[in-house]
Amino acid sequence: MDGAVNPRGEADFDVERIRADFPILATEHRGKKLVFLDSGASAQKPRQVIDTMIRTMETAYANVHRGAYHLSETATAAYEAARAACARFLNAPRPEDIIFTSNSTMAINLVAHSYGRGIMKPGQAVVISEMEHHANLVPWQMLRDGHGTELRVCRITDAGELDLNHLAELLADGKVGLVAVTHMSNVLGSVTPATLIARMAHEAGAKVLFDGSQAAVHRRVDVQAIDADFYCFTGHKLYGPTGIGVLYARAALQKAMPPFLGGGDMIASVTFERTTWAEPPAKFEAGTPPIIEAVGLHAAIDYVEAIGLPAIEAHERALVDHAMATLPHVEGLTIYGKAQDRGGVFAFALDNAHAHDLSTLLDRAGIAVRAGRHCTEPLHERLGAGAGTCRASFGLYTTKAEIDYLAEALASARRFFA
Amino acid sequence: MFDDLRDLYQEVILDHGRKPRNFRRLENGTHHARGDNPLCGDKMELWLALNEDGTIADAAFQGRGCAISMASASLMTETVKGKSVADAHKLGEQFRELAMTGTCPHCAAGLEDEMERLAPLSGVHEFPSRVKCATLAWHTLNSALDNQGKEASSE
Amino acid sequence: MDGAVNPRGEADFDVERIRADFPILATEHRGKKLVFLDSGASAQKPRQVIDTMIRTMETAYANVHRGAYHLSETATAAYEAARAACARFLNAPRPEDIIFTSNSTMAINLVAHSYGRGIMKPGQAVVISEMEHHANLVPWQMLRDGHGTELRVCRITDAGELDLNHLAELLADGKVGLVAVTHMSNVLGSVTPATLIARMAHEAGAKVLFDGSQAAVHRRVDVQAIDADFYCFTGHKLYGPTGIGVLYARAALQKAMPPFLGGGDMIASVTFERTTWAEPPAKFEAGTPPIIEAVGLHAAIDYVEAIGLPAIEAHERALVDHAMATLPHVEGLTIYGKAQDRGGVFAFALDNAHAHDLSTLLDRAGIAVRAGRHCTEPLHERLGAGAGTCRASFGLYTTKAEIDYLAEALASARRFFA
Amino acid sequence: MFDDLRDLYQEVILDHGRKPRNFRRLENGTHHARGDNPLCGDKMELWLALNEDGTIADAAFQGRGCAISMASASLMTETVKGKSVADAHKLGEQFRELAMTGTCPHCAAGLEDEMERLAPLSGVHEFPSRVKCATLAWHTLNSALDNQGKEASSE
C-alpha cells in the first residue's frame, strides 16, 4: 500500500505504521476488512489514547480540584496539563484561555448563552453561513427566538466557498455582534479564510467564532494568528474520546461573560442569597469535568503532534487529490464542493441510487461512509440534494488504496442499481 | 460484489423503488398525512379515500426516499386498497413485526395473501438502521387514519 | 480482613473479591497502601468498566445515530442499550424516559432551563434544602435572577434531616412549581424520605426533582415507587466513567419542555427560518453524546447490579455502624450528621486541626479524604463549620479495617497537633 | 506515624499557626484587602499602615485558615514591617518561588535575612494543593498595596 515516500515528499508519513496504532482497523466486519471513511463523524482511537485512559483509571484516578490528597493532586495536575496541551495545540496565549466542555455543540451553546444572552443586545445580529453544521445554527436560532437577536446567513458560492462579498454586505450596517462560521465544512471540505473573516468581523465591530470541529483535525490552527475571539473543536474527531470538547475564548471575553451553567467548582463563594463566580475558566466549568476524557484528549494531541499537523495536512491533501483524480471516472457520480482550499471530506451522490441504499451497499463491501444530510439540512437544500448524500471523510490512517477500492465499489453499485 | 444483497434488494423491491405504484396526489382523498424520517431526509405524503362503509377505496403517495422506503410505500398502497381500516391497522402491525424480526409467527389468519405480497421486504430486518425506511409508510398510514393531518415520524 | 460473613448475614458480600476488581486499590502512594475514602467525590473504576471501554474503542467504535453502516449500528445499539440499562436501574417506565447528560450538574441545569425557564412562570417558587450540593443550588439561583422565580430554602433539623414541617409551610401557598432536593446528603449522609416529599410536592401542585448523585450509588432507587418527576445521578460516582450523567424525566414533562441545547441530533427538520425538534429524549441530547462513557456506565450498572444494591446498602450500613462505634473514641473528634436513615458518608473535624492540615496528615498515612466544604458552603455555615470539614465516604470496596486504620490515624494526628 | 511531616509542619509553623502574631485589626491602617481561597474556605483580612516615606509601619491581619496559611500570614506581617513597598513586593515574589520550588536561586541580595525567616515554609512545595495556603497572605498583601479594597484570591 502507499506510505513511505509519496509524490509530495512527506517521506516520514508511514501510513502503515500509523494504521498499526489503531486496533479497530484490524477488525473485520461480516468478513470484510474495515475501510473506515467516516472519520469526519468521529475518528477512531489509537492505542496511545486508549492506554492513557486505562492507565489513568488504573493508577491515577480521583476527582480533581477538590482534594488535598496525593491522588487528587495527581489527577488535577493531569487535567490541567491537558488544558495546557490544548492551549499549545491552538497556540492560545495561556492555558486558562481554554474551557473544557462536553463537545463542540456544548462549546457553541456556551457562547450562545454567555456571550449571546450575556453580552449581546436584542437587535444585534449573528452572522452564520449556508454551510454550517446544525451545531452552529440551531443555538443561534434559539438565541434569536429567545433573546431577540437577528440571524443573518452568509451565502456560499457554487464552488462551496464562503461568499466574502455577501459577508461584507451583511456586516455593513454595524449591527452584527458575532460572526460564527465554520473553519472547514463537514460536507464540502471547504476551508474558510479565517484570518480574513476575523479582520472583516473586527472592522465591523463584531466578535468572531470559528467552528473548528473539522479544521482542527486536518491542519495546524493558530488562534492568535487568526485573531479569533472564540474557537472550538471536539475531542472525538481528533482521535480522542467522546465526552469532551474544547472552547478557546479570549481572556477579556471570559472575564466579561457571565457563566452559563451553575454548580460546583464554578463559584468563589455561595450563600443562599448571592453567589460570586470563580475566576475563568473555572467559572465556565460547572461540576465534575470530563477528567478521564481530558487526559485521553491530551494523549490524542500528543499523538497528532508527534506525527505533525503539516504532515497530516499533506497526507490528506494527497488523498483528496487522488480521490478527485480517480472518482470522477465512476459514471453517474456527482461530487459536491470544489473549493480551492479544502480538507479530506467530500459528499457525493450516484445517479439512480439513493444515498441510504448506496451506503448499505458500500457497508457490505466493508466501507463505512455516512448517508444523510450530515447535520447540514439547509446546505443540502442549497446543493439541490435535499434527499441526502453520501460522505467520505479521511483520517490520518486513510490510504490511497482505500480510495481506489471505494471507486471500484461505486462502479459496482452503479451496475447493481442499473 | 454485492450479490449477497439481493436478499434485501429483491427484483420486486428495485422495481417498486424505481417505478412506485400509486405515486400521485389523490384529489378526492378523505384522509391525509405526512411522514418524515429526519435521519435520512425521507419525506412522504399519503392520501386515502375511504368508502362510506369504512373500507379503503384508494391510496396514493408522493415523496422522496430510498428504494426501500419507496418500494414499501408502493406495496403498502397496493395492499391496503379494498381493506377495512381494522385490517389495514392489523397489516401495519404485522408488517412492523416482519420488518424487525424477518418472520411473523403471530400473523393472524385471513391476511396471508397480503403478507405474502409484503414478504420481499422482510430482508430489511438484518439492517437495523434500514428498518425505519421500510416502516415509514405504515407509520404514515396510521397517522392518516388516526389523526388527520398530523405528521408521522419513524424516529 | 472483614468479608465473607458479617454480623448482618450478607454472606456473599466478599469485599476482598470485590477489591480485586479495582486495579487502583493495589497501588501504593508514597510507600503507603491506598485507603480510598473519597468515593463520594468520585468512585474508582472496576476492571469490568475499564475493559468494556477498551473493547468499545478497539472493536466497536463509531458515531451513533448517524450512520447506516454496520459499525455505527453496533455503536448505536450499545448506546441505546445503556439507556435501557439506566431505565432498568431506576425502574423508569421506558428507556426513552432517560436523558444522557455530561454529569449531574448538567442534568439539573437542563431541568432549570427546560422546565424552569420553559414551563415555570416568574413568581412561582423553587424549594431546595439547606443541605444541597451547589449543583442543586446555583442553577436555581440563576433561574431566580434570570427568570424571576423565587428561591425557598427548607431547613434541616439539628440531626441533619429535612425539616418536613418547614417543607409543608413552604408549600402552603401553592406557589411552588418545583421541589428540588437531594436524595442523600453528600456531607451528612442523610437520606431524605423521597416518597413522602414527592407526595407533599404533588399535593401542593409542584413537580419534584431528586438529586440522586449520592443516593443512587448506595441503595436501590425506584422512580415509579417514589413518584419522582425528575431524578438524576452521575456516572463517575457509580464506578463508571467521567463525562456522563443521567436524568430521568417523566414522559409527559419531556414532551412539554422545550429543549435546552441546540445542535445536531436533536432536530426533526431545520431551515434557517424554523426548526422542529426531534422526539424526546433526542430533543435533549444535542451533538455527539458520550458514547464510550455510556457503554462504560452500562458496565458499571451491570457490575453493581450483579453484586446487588441491597447487599451494597447492607455493607455500607455495617461500615457506618462500625465507624459510629469506633470513631467517637478518638478524643476531640466531632462527627456531623445524626440522621436516622443514612448512607456511607460523614463529615468530621478534629479540635485544633484545620481540615486542610488534617487531610494532609491522613494523606501521608495513605488515607484519601476530602477537606473543605464539599460544594456545600451554606450547609457548612449552618453546621457552624464554615472553615471546612474533612469527609470520609465509603464505596463497595471499603473495609472495616480501613475504618479502624482511620481511627488510629486520627488519634495520631491529634497528638501531632497537640 | 507522621514524623516525616515535620519538614512541612516545623515547630515554628505550628507555633505561628496556633498563636499568629499581629492577629488584630489595624484601626489606623492606610491599606486594606481581603483574601480568599474558595477551595478550602480560608479567608483573611489584611491591614497595612504606611509611613509618609512609603515604608510599611505596621501590618496586621485577621481570618481563619489552616496552620500553613495562618503561619504564613503571621510570618509575612512580621517580615514586611519596616520594609519599603518595593522590597515587600520583591519578598512576595521570592516567597512564591520558594513555596513552589523549595528553593530560591534568584533571591536578590539584601533580603537574605527576611528569606531566612520565611524558609520554614519551603516544605510546602512538596504539597501542590497546599502551596496556595502559603501564598494567600502574599497575594493579599499585593492586592492591599496595589489595589485598595479589591479582594485577593489565591485561586
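By letter and in written order, the chains are A, B, C and D; residue numbering begins at 1 in each of them.
Note that in this section a contact is a pair of C-beta atoms (placed from the backbone, for glycine too) under 8 Å apart; a residue touches a chain by one contact, two chains touch by 3 or more.
Note that this is a predicted model, so its numbers are computed, not measured.
Put simply, the C-alpha centre of chain A and that of chain D have 46 angstrom between them.
With each centre defined as the average position of its C-alpha atoms, the distance from chain A to chain C rounds to 31 Å. Chain centres here are Cα averages; for chain A and chain B they lie 38 Å apart.
Shown for chain D are the residues in touch with two or more other chains, namely 39-40, 127, 130. Chain contacts: chain A has residues 66-68, 72, 267, 269, 356, 360, 371-372, 377 touching two or more partner chains.
Chain contacts in this assembly follow no simple pattern; the graph is neither a line, a ring, a star nor complete. Chains that are in contact with each other form these pairs: A-B, A-C, A-D, B-C, C-D. In the complex of the two chains, the chain C residues touching chain B come out as 65-68, 72-73, 76-77, 267-269, 278-279, 282.
Only residues 36, 38-40, 127-130, 153, 155 of chain B touch chain C when the two sit together in their complex. If you check the complex, the residues on chain D that touch chain C are 1-2, 4-5, 8-9, 14, 18, 39-42, 64-68, 127, 130, 133.
The residues of chain C lying in touch with chain A in their complex are 23-24, 27, 29-30, 34, 36, 38, 41-42, 44-45, 49-50, 53-54, 57-63, 66-72, 102-106, 108-109, 112, 133-135, 137-142, 151, 153, 234, 236, 241-244, 259, 261-267, 269-272, 274-275, 286-293, 356, 359-360, 362-363, 367-372, 374-375, 377-378, 381. The touching residues of chain C, counted against chain D in their complex, run 352, 354-357, 360-361, 364-365, 371-373, 377, 380, 386-388, 408-409, 412-413, 416-417.
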